[in-house]
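Residue numbering begins at 1 within each chain, and the chains themselves are lettered A, B, C and D in the order written.
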Amino acid sequence: MFTLKEIKKTVLISLWFVFLTFPLMVIKVDPIEKTVLWRWHNALYVAIGIFCIRCLIEFFRHRKQQKEKKKKNSSDDSQALIHRILVDPRKRNIMLGVLLSLVVIFPFVFDTYQTNIMITALMYVVLGLGLNIVVGMAGLLDLGFVAFYAVGAYSYALLNHHFGLGFWAVLPIGGGLAAFAGILLGFPVLRLRGDYLAIVTLGFGEIIRLILENWNEFSMGPSGISNIDRPYFFGINLSLEHSILYLYYIMILFLIVTIFIVNRLQNSRLGRAWIALREDEIACQAMGIDKRKTKLVAFALGAFWAGVVGVIFAAKTTFINPASFTFLESAIILSIVVLGGMGSIVGVIFGALILILLPEYLRALSEYRMLAFGAILVAMMVFRPQGLISKIRRTYTFKQE
Amino acid sequence: MTTPILKVTGLTMDFGGIRALDSVDLDVRQGEIAALIGPNGAGKTTFFNCVTGIYIPTAGEVMLTPAGSNKSKNLKGLKPNQVTQRGLARTFQNIRLFSRMTVLENVMIGRHCRTKAFILGAILRNRATRREERKILEYSYALLEKVGLANQADEFAENLSYGAQRRLEIARALATEPLLLLLDEPAAGMNPQETKELDELIKKISREGQAILLIEHDMKLVMSLSDRIFVMDYGKMIAKGNPAEIRTNPDVIKAYLGE
Amino acid sequence: MKLQLSGKLLSTAACFMIALSAPALSSAADTIKFGVAGAHSGDLASYGLPTVKAAELVVEKVNANGGINGKKVELLVEDDVCKPEVATNTATKLISDGVDVVLGHICSGATKAALPIYSNAGVLVMSPSATNPALTQSGEYPNFFRTIAPDDAQAKIDVEFALNNLGYTKIAVIHDKGDYGKGFAEFAKKFLEDSGKAEVVLYEGVTPGAVDYSAIVQKIKRSGAQAVMFGGYHPEASKIISMMRKKRLKTDFISDDGVKDNTFIKVAGKDAEGAYASGPKDTTKNPLSIQAVEEHKEKYGADPGAFFENAYSAALAMLNAIEKAGSTDLDALKKALQTEKVDTPVGSIYFDDKGDAIGVGFSVYQVQNGEFVEL
Amino acid sequence: MDYFIELFCSGITRGAIYALIALGYTMVYGIIGLINFAHGEIYMIGAFTSFIVATVLSIYGFPLLAIIVVAGVAAAVWSSAYGFTIEKIAYKPLRHAPRLSPLISAIGMSIFLQNYVLLAQTSDFLPFPELIPDFAFMEPIAHIVGSSDLVILITTTVVMIILTFVIKFTRIGKAMRATAQDRTMAMLVGINVNNVISATFIIGSALAAIGGMLIASHIGQINFYIGFIAGIKAFTAAVLGGIGSIPGAVLGSLVLGLTESFATGYVSSDYEDVFAFALLVLILIFKPSGLLGKDETQKV
């Protein structure tokens, strides 16, 4: 299967990587003691490692090509399975039923830790769905989404700290304030396009974080706010395990509501307007769509979900400080949307579960986990650039009288 | 005589120091097909852009009057979406469809400014919203049938043939229920067969009482369709009249053939 | 409706959880599970990784000597990236794995987020580096101990030194905007103002990681400060002091435990000469400290990093407490920590009832000829 | 007034530092429209390579000048190699992918490279050898402008001039401009677009490496995380100046550096970044394509 030429090429590539990694992998210097450590064995590891990786990639590419040759005529069904299920209402209901019962019994099967990280993953699903409105549907590249998340989290933390307001009371307030922040951001950036918009939203996110960090009187600065109340359960203060469990079910419920609403938005007059806006702004306006209003609504709705999840986040960790709201967080949420497949709700769910659970399960790799995370992010994009699940084309059934 | 649907007076547009439109007057009457012709760079598309709100003109008036009414609306300075809302819809010289949306969805977008459902309606999907959605669907589908694209309703717009994309743009513009339809070079790049079909389509729409203003280079098409023709050169209106008059107008001949 | 449903589930779940969690806690009979939590990746990894190495060294030695009370010690190392939300996951992970004691976390914020979870499971936590005063002084975290002085204690030492020993009257207080540095700076400012002896002529935060600090140095120069009191870690400290010397500004530099690190001297080189930093007493002459550093050099071929000695000491203290208490029960461990003295690289220490170490004696050091010399 | 001049000089130095990194961002963006988030990491790798080479050479007792030249060349060579390889692995397969996919790939690459250096070397801060000695003739004004400030300033200026020249007049420069304008057309007139893109990455990375060496020498320390923060700022500067424009990147960097410096000097360094980003937002509101960016008037 492997020709001599290919092997030769693979060897050359391995040698190139040996050269590439030579200074960083092989040499280690101690500038104070003035000693040089030559770690030649690392060069060998690199060579062998790259050789194997390349062989693997070639092997799979080869196999895929052969497969494609075999069934050239059959339609692309690599992703059709999930869509087939979603399209057929009976299958869909069965699947949803199975999924729901799995989700409900999850905490009883697994331990608190698993439940805990599942809550985190679910939070990111909702964050992803929120950002999906802005980026996936309306096509507005937002790199500062974490700002709205922070607004929500700090709303709860501060209102709880100063006025003792409870979780359920702040939930809508946090969402509302975040939506308001979304509109505030939206106004100045209405005119900006593409990457200019991206950098301004990035700046906005940083500004919010810096204000939280520096304005001690308001936000208590970098030392953060501790002892935030967990959600009360009808006035009863729950123990830690119970409140994690409680939060888990709150999150599940909230996720279902979110999916329901986002799905309806997507298939509405407003959702169509967002997609049209993403496709062509000028034509969109010429068709009578108010660009400003549509954009602002997208920003506000996206931010609303972030704000609500922020409130849940503060209630979950019981402690927040600005360190949780860095640019990297925005990048992760954006990765969820893109990885899942822009504009696809199912995709976002998969994307969030993968990106959030992956680093947790990669804990076994300990110090290599972020290295692996970065590599996987690149690999997923290279092998599936359109995302895990690309959006289904919506068809309308039309009966003529 | 009834008030013309569109009455443009003294429309002027400056870009920096260059005067692209110089006090242009034009009017389109109820139910007629008017054409705007002129050599390349005469300012025809600039005229469209000024009328539809993409550019804000330096001076002049753009008045739109619904049929059988005396209430004129001034369109000058309005945003493109407001212009469309008031009843002026256009197509684009270089096709601007929503390429990753289906053919049907493209037309449904055109219904946007004639419908109302918003966030709450979308979420609750109450009876009024459902009825509205159904009407959007029916209206859009009927338009697709009119332009002959009903059997491709679920295709992505980008997968249509060139001529079909042009027709889809017309359908999309019609979906906004315009008082006046502006067509920017609808036949550009079409083969004779497609042009012939377009000719029939425009005539069909016109027969239903739709007022149309078109920019076109294909003289055969212009002459066959138009009730009246306006000729521009170097940003000025140099002639207007019926096809026969224009054909023999010395200024027009000079503009097209040079000195 | 849905809420009531989840309420029912909740009570069922409660039964399950209690049934499950009871054996989990007592099952760790064969080994002592020693958790290490902190930033092991990301921008703050350089403050978390030395603690892992300290724990590895201590545990290796203890196991080579037959373990504690006949049980081997097993390390459970978990990353929290210094983020509160990750720290709660780290903590639940450690608890799920049946951890007995935890060395960590590194950042005060992450520690605060994680503590309630450990507290709920009755697990002892000892941090080598979390300096936020509230951690011990608020009384909200009964399971928390630390081998580092809280911000206010450090600030007090530095301020008294600057006022009484150096006699300065105009001082610029600079911090790195982080929870550690800004906490320190706030106390320093407060003590300086309360003393009535000196004026805070400048109080500002610098952005960590910035490519150039000359603007803030010019501002310090203009303020006419006789000394800069810096709250933060050594990378920013060495950048600022180098920039000050480059701009020919001879103002004295006084800082905290985060700067009293050999890396500071290595990086700032000759610019570090004459700088002051507070830190645990006489570590450089303490044989245990010398030994710990030697062990590190031997195993990892480099000098230890930040908070290494605090971490080494914390590991020794916790293992000693387990040995003396004969169990890993929180109350027994607390009692042992509060009564039994233990010899560590930072001194012979035991703990007060709030959780701060006693006997860590703090003093001020000055860089002289490329070394920290105790004054 | 003295204070003003001092702050001004600080701002210019900072701006020149940003410019060295921003040029790479703007070049890559100009050609393939990608925000290359891994560019900050290339800069970091350049700094690390020059650190390793310089330290090894100084241990073996080479003279300072030789160290500077060899370390600089080594940094440029290896950084270019990294830039080239990263483009081949992470961006080239995505050339026809949806617009955001390469961005995510770049973010992944950035995380990967950071942790690669963390594991291959160390998490600690390392002292960077002082490659730029204090010039005697600078002594009278050393309290305002240091020797390393001067070297950075001169390097930035020279690099900008050479780069402008290369892009305006050389074959490869013309090919770059053609590719930037219309990739398909460039391909049709016989330009090897892949080579042009590779060349862009190589040049941009080499610049970042030189910047890495100079800046690390100026600051005196490095670790694996320096690229991220510097990268974000440099990117901001590139956008401020109009991304895709070489003089724009330099101008944007200077404006950003001066803003930060004056914000620190006259207001508070607590909020220097807030000022920087607020300025960015303001400029983009009034000039949506940056200071020197070409206005993208949409042809209708």
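Miscellaneous remarks
Methods note: contacts are C-beta pairs under 8 Å (C-beta built on N, C-alpha and C of every residue); 3 or more make two chains touch, one makes a residue touch a chain.
Composition by chain, UniProt nomenclature: A = Branched-chain amino acid transport system permease protein; B = Branched-chain amino acid transport system ATP-binding protein; C = Branched-chain amino acid transport system substrate-binding protein.
Note that the coordinates shown come from a computational prediction; the quantities given were computed from them, not determined experimentally.
Chains that touch both subunit A and subunit C: D.
Counted by C-beta pairs in contact, the busier of C-D and A-D is A-D. We define each chain's centre as the mean of its Cα atoms; on that basis subunit C and subunit D are separated by 35 Å.
Remark: subunit A and subunit D have CA centroids separated by 29 Å (rounded to whole angstrom). Taking each chain's centre as the average of its CA atoms, subunit B and subunit C sit 71 Å apart.
A straight line joining the Cα centres of subunit A and subunit B is 43 Å long. Contacts with at least two other chains are made by residues 31-32, 214, 282, 367, 370 of subunit A. Touching two or more other chains at once are residues 41-42, 177, 205, 266, 302 of subunit C. Each of the following residues of subunit D touches two or more other chains: 115, 122, 126-127, 270, 273, 300.
On the side of subunit B, the complex with subunit A involves touching residues 52, 54, 79-81, 84-85, 89-90, 92, 96-102, 104-105, 108-110, 112-115, 117-119, 121-123, 125, 129, 132-133, 136-138, 141, 153-154, 156, 172-173, 176. Taken together, the subunit A residues at the contact with subunit B in this complex read 261, 264-265, 268-273, 275-276, 279-280, 282-291, 297, 301, 393-396, 398, 400. Subunit D meets subunit A in the complex at residues 29, 33, 35, 45, 48-49, 51-53, 55-56, 59, 74, 78, 81-82, 85, 89-90, 93-94, 97-98, 100-105, 107-117, 119-122, 126-127, 129, 232, 235-236, 239, 243, 270-271, 273-274, 276-278, 280-281, 284-285, 288-290, 296, 298, 300. Taken in their complex, subunit C has these residues touching subunit D: 41-43, 45-46, 49, 177, 204-212, 214-216, 218-219, 221-222, 234-235, 238-239, 242, 246-249, 263, 266-269, 271, 302, 305.
Within the complex formed with subunit C, the residues of subunit A that make contact are 30-32, 37, 104, 107-108, 111-114, 116-117, 120, 213-214, 216, 221-224, 226-227, 233-234, 239-242, 244-246, 249-250, 253, 313, 316-321, 323-324, 360, 363, 366-367, 369-370.
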